[in-house]
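Order of writing sets the labels: A, B, C, D, E, F, G and H. Residues in every chain begin at 1.
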Amino acid sequence: MTGDIIMAGFGGQGILMIGNLLALTAMEEGKHVTYFPAYGVEMRGGTANCTVVVSDEEIGSPVVGRPKALLIMNGPSMEKFLPMLAPGGDLIINSSLVEERLVTRNDVRLLSIPADDIARNKIGSRQMASMVALGAYVARSGIVRLPTVFDCLPKVVSKKYEKFIPLNVNALKEGAALAGIHA
Amino acid sequence: MTGDIIMAGFGGQGILMIGNLLALTAMEEGKHVTYFPAYGVEMRGGTANCTVVVSDEEIGSPVVGRPKALLIMNGPSMEKFLPMLAPGGDLIINSSLVEERLVTRNDVRLLSIPADDIARNKIGSRQMASMVALGAYVARSGIVRLPTVFDCLPKVVSKKYEKFIPLNVNALKEGAALAGIHA
Amino acid sequence: MSIEGKTEFTKPVYTRPRSLVDVKTHFCPGCHHGTIHKIVAECIDRYGVRENSIGVACVGCAVFLYDYIDVDVVEAPHGRAPAVATGVKRAQPDKFVFTYQGDGDLAAIGTSEVIHAANRGENLTVVFVNNTTYGMTGGQMAPTTLLGQKTSTTPYGRDFRSDGYPIKMAELLAGLDGTAYSARVAVSTPAQIRKAKAAVRKAFEMQINGMGFSIVEFLSTCPTNWGMKPLDAQGRVLGEMSEYFPLGVYKERKQADFA
Amino acid sequence: MSIEGKTEFTKPVYTRPRSLVDVKTHFCPGCHHGTIHKIVAECIDRYGVRENSIGVACVGCAVFLYDYIDVDVVEAPHGRAPAVATGVKRAQPDKFVFTYQGDGDLAAIGTSEVIHAANRGENLTVVFVNNTTYGMTGGQMAPTTLLGQKTSTTPYGRDFRSDGYPIKMAELLAGLDGTAYSARVAVSTPAQIRKAKAAVRKAFEMQINGMGFSIVEFLSTCPTNWGMKPLDAQGRVLGEMSEYFPLGVYKERKQADFA
Amino acid sequence: MQVHRTASHERSRLSEAAEPKEERVTATGRIEIDFERCKACELCVPACPKDCIVMGAAINRAGYPSAVFERPADCTGCAICAETCPDACIQVWR
Amino acid sequence: MQVHRTASHERSRLSEAAEPKEERVTATGRIEIDFERCKACELCVPACPKDCIVMGAAINRAGYPSAVFERPADCTGCAICAETCPDACIQVWR
Amino acid sequence: MSSLAAEASKKILLKGNEAICLGAIAAGCRHYYGYPITPQNDIPEYMAAHLPALGGTFLQAESEVATINMILGTSASGKRVMTSSSGPGISLMQEGLSYMAGSELPAVIVNISRSGPGLGGIAPSQGDYFQAVKGGGHGGYRLIVLAPHSVQEMYTLTMLAFDLADRYRTPAMILGDAIVGQMKEPFEATPYDSATTAEKPWALTGCAGRERLHVKSLHLKDNAIEVHNWKLHGKFERIRKTETRAESFLLDGAKIAVVAFGTAARVSKTAIQWARKEGIPVGMLRPITLFPFPEREVFDLAKTVDVVLVIEMNTGQMVEDVRQSTPLHDRIAFLGKPCAMPTPEEILDRIRALAGRKG
Amino acid sequence: MSSLAAEASKKILLKGNEAICLGAIAAGCRHYYGYPITPQNDIPEYMAAHLPALGGTFLQAESEVATINMILGTSASGKRVMTSSSGPGISLMQEGLSYMAGSELPAVIVNISRSGPGLGGIAPSQGDYFQAVKGGGHGGYRLIVLAPHSVQEMYTLTMLAFDLADRYRTPAMILGDAIVGQMKEPFEATPYDSATTAEKPWALTGCAGRERLHVKSLHLKDNAIEVHNWKLHGKFERIRKTETRAESFLLDGAKIAVVAFGTAARVSKTAIQWARKEGIPVGMLRPITLFPFPEREVFDLAKTVDVVLVIEMNTGQMVEDVRQSTPLHDRIAFLGKPCAMPTPEEILDRIRALAGRKG
């Protein structure tokens, strides 16, 4: 299984965390993987993004010009990254904050998830929106197995927030379920 | 006429001044000439030296490893430069300060001039010792004509000391005369 | 003063200063860099020096000065703005020249440049923004970081035994003969903003009157790297920061040395 | 005290300090660098730190420190001795570490390094030789050159309008929290020499007691580049130089901050 | 009162609070908050001596819930809010 | 009295003044000046409270006319000259 | 993060910059001085968090100029010491580096390079090749320069850099970029295994029981400086002979040979694999040491292939060393991408084009 | 000295360092910033004495770091400006030089080089070739580098340096050494005659009547920095095509060709003349521009001679550019003399040996 994805959203939405989690999971599954965060002044202005590449072979570039998938958590990120998505690629958007009408391409596979709403209403914490989105991506792509993601959660969640791990699991599941519906 | 010379002595003996004067004279006579002073920390500790090269052709190196002549105004300079003098070269020493017995080579043409004594006793100023020595060198080598040296004096003697130009002329003449005697 | 029943308000009381370019800045929410830019722009307007100014941008969160202040701007390497400004001012003594520098820029890597510009009495104005951290590079210790303050390079809090003491630049520079004006201000309350403007005006006037080097140190916030909400960050300025870095005018030359 | 008729004197009252290497120096006649070297050597002897010392040589007429003082010595690039010394001291906190620097070295190119070493309270000692000029390079203006003083780069005399003011390092450094001791001394009279020794001893003790950064500024002569006889040069120190640069102790920490 | 209970999609460049629907005659000034430029730092809120400003709920394109000119009737046009705003989002008229 | 009216060729490493030919019984100290190392800066001359030191005429190998311990009989061994000499040329005994 | 060292025996997901720290600590480095600059701040931040507990020193200097001189002081004390920076900061270290090379002081300097010239940008770049390899400071010394292309190599080459620096008493540089610095990859800590003796009889530790020692670069007497220069030259020639390292990647039967280092090499690997799948006989020689440059390897290689394609994230620097290494200048092709990574697609296109022309 | 300018129409005996000052002043340079260092102090001293009367600025900066940034500021103001230094000082200017190259600011930087690495010594040397020619700062820019070999050329090449710097908006360097700097020779002031326009519409002079302008090297948006790098590259390629300068000396019928610059070339002239008198067919190609290096000239030359003898006052730096310029690597011989001048005798010996072997 090989794939790559750019994830993007506001700072504070947990983008780097889910990217890290995905990479860790791929590693646990014995895959080659690279995780590359945006860094430096680009962090200003409240946006964050990262790239994860998963492969069965040695990985060349950890940065991709034409990602096979995009996970878009806010409006500005859509504008910036949509043009890069490979034709036929997966586009997962947080429809709670991103309007579908901004999707100006029709050569991509759109998966529209109201991640914020689900997080708030179903999980009980807006913070979980990115986990919902990650769950959707994992289900849609099959890049890693969901249970491995669960297993890896303790490695990315700091001690202080350990008690929220069940919430994270729920969020991932909700996302995955939605992906199933839409698939 | 081609030649080169290293001149050396204590700081304050006027070494750089007579080197400059010689170079200027050569230039006035239409020759190629280079003048190269010692510089930098070597100036510390009260010694000074310079190299003058005069030639009818374009001059390569302004620094010479085997000078054809040496003008030595003090003891330490003898030790430093005597080994460099080309075999058969001219060695002019200020015998008022430099002992002849320090001349450890016999493949050179020694011209021993009590420059300090002459300057003090005959010219009336110890400051003129280097001029005496220069006069001797010019006479011995024929590298430039003495009258041109006289003509050039005003260009190296600052306004303040203009009145001593006749003394300088006398010193040069005395030196030249002695060189004649010894030649 | 209040006109009862007035429903149309047409007289502008506060509009964007002419010299503040009408674009969105990259500054984080609540960052005082924005406020200080505004003040600088207002003073440029006030003295009518916009078309006669050359600004010198530093490297730090204020690096985009040229995008925000509508004057000619040259970018200086990190810390070297006072030297660059010296080069500008010596070449064009009739121009109004100012630098805008962070505390890493001015008080760490650029220590020597600012001290010697001040000591030479270079006739230029320095706007100095002390936010007790390196904002742009992600919140490392600055020379002005308070003792005990945690930053990404003082994870256990700044300790004077290993990291030294927070340095007081307004006082230090006031001690140099070439300094005409040195003051420390803040912009955490409306009153402070008023005083800050007055200080920048004084600093501008020093240059305009050929009095020599002038500097205004701003106590500023970095909510992002302090890990605080903007209002809490202002609270920190009002509290421990101004306790350690007292506000005030440290030097004010009344007459030019050569007058 | 006087023993009438004594003809044999065998008790040494003054001999070459053990730590002063028995060679001829390259210093010009009457240059106070020699005197200051002697004092440093004497103090090294006094505290028995010779075998435990690492000296940091500067670039300037004192560059040959390693030929003259019988301790381990590392050469620092021009102005960087305090940074090099920091690297030495942090690696070997149990060693006695000192720098020896000229005024071009310390107050011009090395401004930032000495200020931050002091501000960090680095536990080391700086011997600072202020001769109001760049001796080694042939007598250019130093930051300490007096107003009106002619040097090879101020041929018409130093003018504050273009060249700035003579900088007072002992005072400036005394203003920093990390500085434990800062004094200015001279060696132009026997009494001054005695006081100078006392100051260097204090500075050494500060380090030995772990009190932080200590510096002794010497007003020194450069007969060669001042174009003066050594005695006249001493006269200048006693006159205009100490008028502008007052001798005295500017800071003396009584107790360590962390004691 | 709250003019900005708009969905995030119904955006306008400037806060419409500038033209308040209800206005008590005591107002001696009026402000406009640039909705898109506001970063929701909240500094203007306590700065206003008349408590005219509150944080809104509508999120602008940069993801921030802009401040809102909530109580225009009390505004004196003192411009303290404008002086305070780091992003020069506020303009004031009298 | 002046021991060093030697020609420049007759050098000795240390000033022979160290063993003065004449000595008044008032001396309570004695110095030696390193002839070769002296740079003739003259600083020791006025420094000596007893005027024991004068500049000589003999020139050393470095070209300097070394200082000379001219009046040993007055020497108190106070060591001021030695403290003063930048080149550590002077040693003092009591 | 603090549990990294403990877990060091199994695979962890690690950032390149942090791998450098682990390598340094494994190699016994306990002293770090530095000044913040993007994109390498993880290094000082890691060291600030971890060195104190190891009894070491972390000090944030007031500038890069001060930094390199603190490095000089600690190195002269005989301790292993490291700094890290990027473009502008490395430039400010040039005087100090020249002094260290002249004084024969070992240290490890990490350059996680960014775009230049000037402030440039923080995009990945290989624009500092010349500065690193030809000596950016005055006086014509050389740095040992190692170019990792993975997180794992960030670790191993850092350990190697300490060894080489000590063995030859000269500063060594790790030349990375934002890609290898910022990315995370699975990483496994390998044990530190060094052939270099730890003894430094030249170190300044106080002269108890021995003559005083000096560490210096000034040589004024007679022709001492000339002698010293030939001595240094001899050392650099020895390094050339002994320490050249390069990786051969799919070079069997290759008619096109890519020569690339660091991130450019890494991206090239993907393109080469794709091209091989298309049946194009292409491989790569990846210099791991940039100084010493694998001249002999390039010389031999050029004779066996049709074209040597040099790929750099700049407008052409290492290509000069390739041109020097082989007289077969007309076989050399260049693909440059300053301040940006070439994509595998771009490289593949170029390989295809060359294959069409030459194959 | 103050009467020099007045007498400038006839021959005077002039020091090389002062000839630089006369050249700068003739070219309209009125701004000088610098920091003392041997062996170039004559330059700041001359400027301190003469610029004020010309309405210019002389300022002794607190350091070379400050110096280069003052240069940057004055250059950004649109004025011709110069500094001078030597090894350690030039190293400290590398960050600023990189910024200037990145910001496309002209200036003339004089390096009267000394021995390195480190403090080294003040002996003449050509150890800074790499630093000057390959770019000592970060980011892979180039300096225009001119190498005078006589007092007269110190003057003419300084004027040229100002022109080239302005024409291409980039810093230019005069690379000399203590020999050409300290020596005096007969000198004749030639008139300044420039084709470069003095207009600098990019200069920061206040935005009256126009949009505000920026001088900067930061390019963060998208691939702006890549575009900028290609732009700079294009400029440097244009310089290569247009501005290469070299002197041919007795190359007619030569079978041995010396390649040397500056003082090494000057000394070589003597040796070559001696060798010619012995009937040995030897001549010299003297690069006057080191960047751009006369690659084409070396390429052509190497084909016509048996041996190219590179002579440098270092352990081998320009020889790399020679090796790059021609594929005939086995014709290249090298004579190095670090931190010292080779004597004509040494060079002659080598020429004789090569003639014996090859001729």
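FYI, contacts are C-beta pairs under 8 Å (C-beta built on N, C-alpha and C of every residue); 3 or more make two chains touch, one makes a residue touch a chain.
Everything numeric here is computed off the predicted structure, so don't read it as measured data.
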item: Third chains touching both chain G and chain F; value: D
item: Contact-graph distance - origin chain F, target chain H; value: 2
item: Taking each chain's C-alpha mean as its centre, the one farthest from chain B; value: E
item: Separation of mean Cα positions, chain B and chain A [Å, integer]; value: 86
item: Centroid spacing, where centroids are CA-atom means, of chain A and chain D in whole angstrom; value: 63
item: Centre distance in Å when chain E and chain F are each reduced to the mean of their C-alpha atoms; value: 90
item: Contacts with 2+ other chains: residues of chain B; value: 41, 45-46
item: Residues of chain G whose C-beta touches two or more other chains; value: 38, 57, 59, 62-63, 65, 88, 95, 99, 103, 118-119, 122, 216-218, 220
item: Of all residues in chain D, the ones touching two or more other chains; value: 27-29, 63, 75, 77, 108-109, 111-112, 116, 136, 138, 143, 163
item: In the complex, chain G residues that touch chain H; value: 65, 86-88, 90-92, 94-95, 98-103, 113, 115-123, 125, 127-131, 134-141, 216-220, 223-226, 229-230, 232-233, 314-317, 320, 323-324, 327-330, 337-340
item: Complex contacts: residues of chain C adjacent to chain E; value: 1-7, 9-17, 20, 24-25, 27-35, 38, 190, 193-194, 223, 229-231, 234
item: Contact set on chain E toward chain C in their complex; value: 23, 25-30, 36-37, 39-43, 46-47, 62, 64, 76-77, 79-80, 82-88, 90-94
item: Residue numbers on chain G that touch chain C, as the complex places them; value: 35-38, 41, 44-45, 48-49, 52, 57-60, 62-64, 88, 118-119
item: In the complex, chain H residues that touch chain B; value: 11, 13, 38-39, 122, 178-179, 182-186, 263, 266-271, 273, 341, 343-345
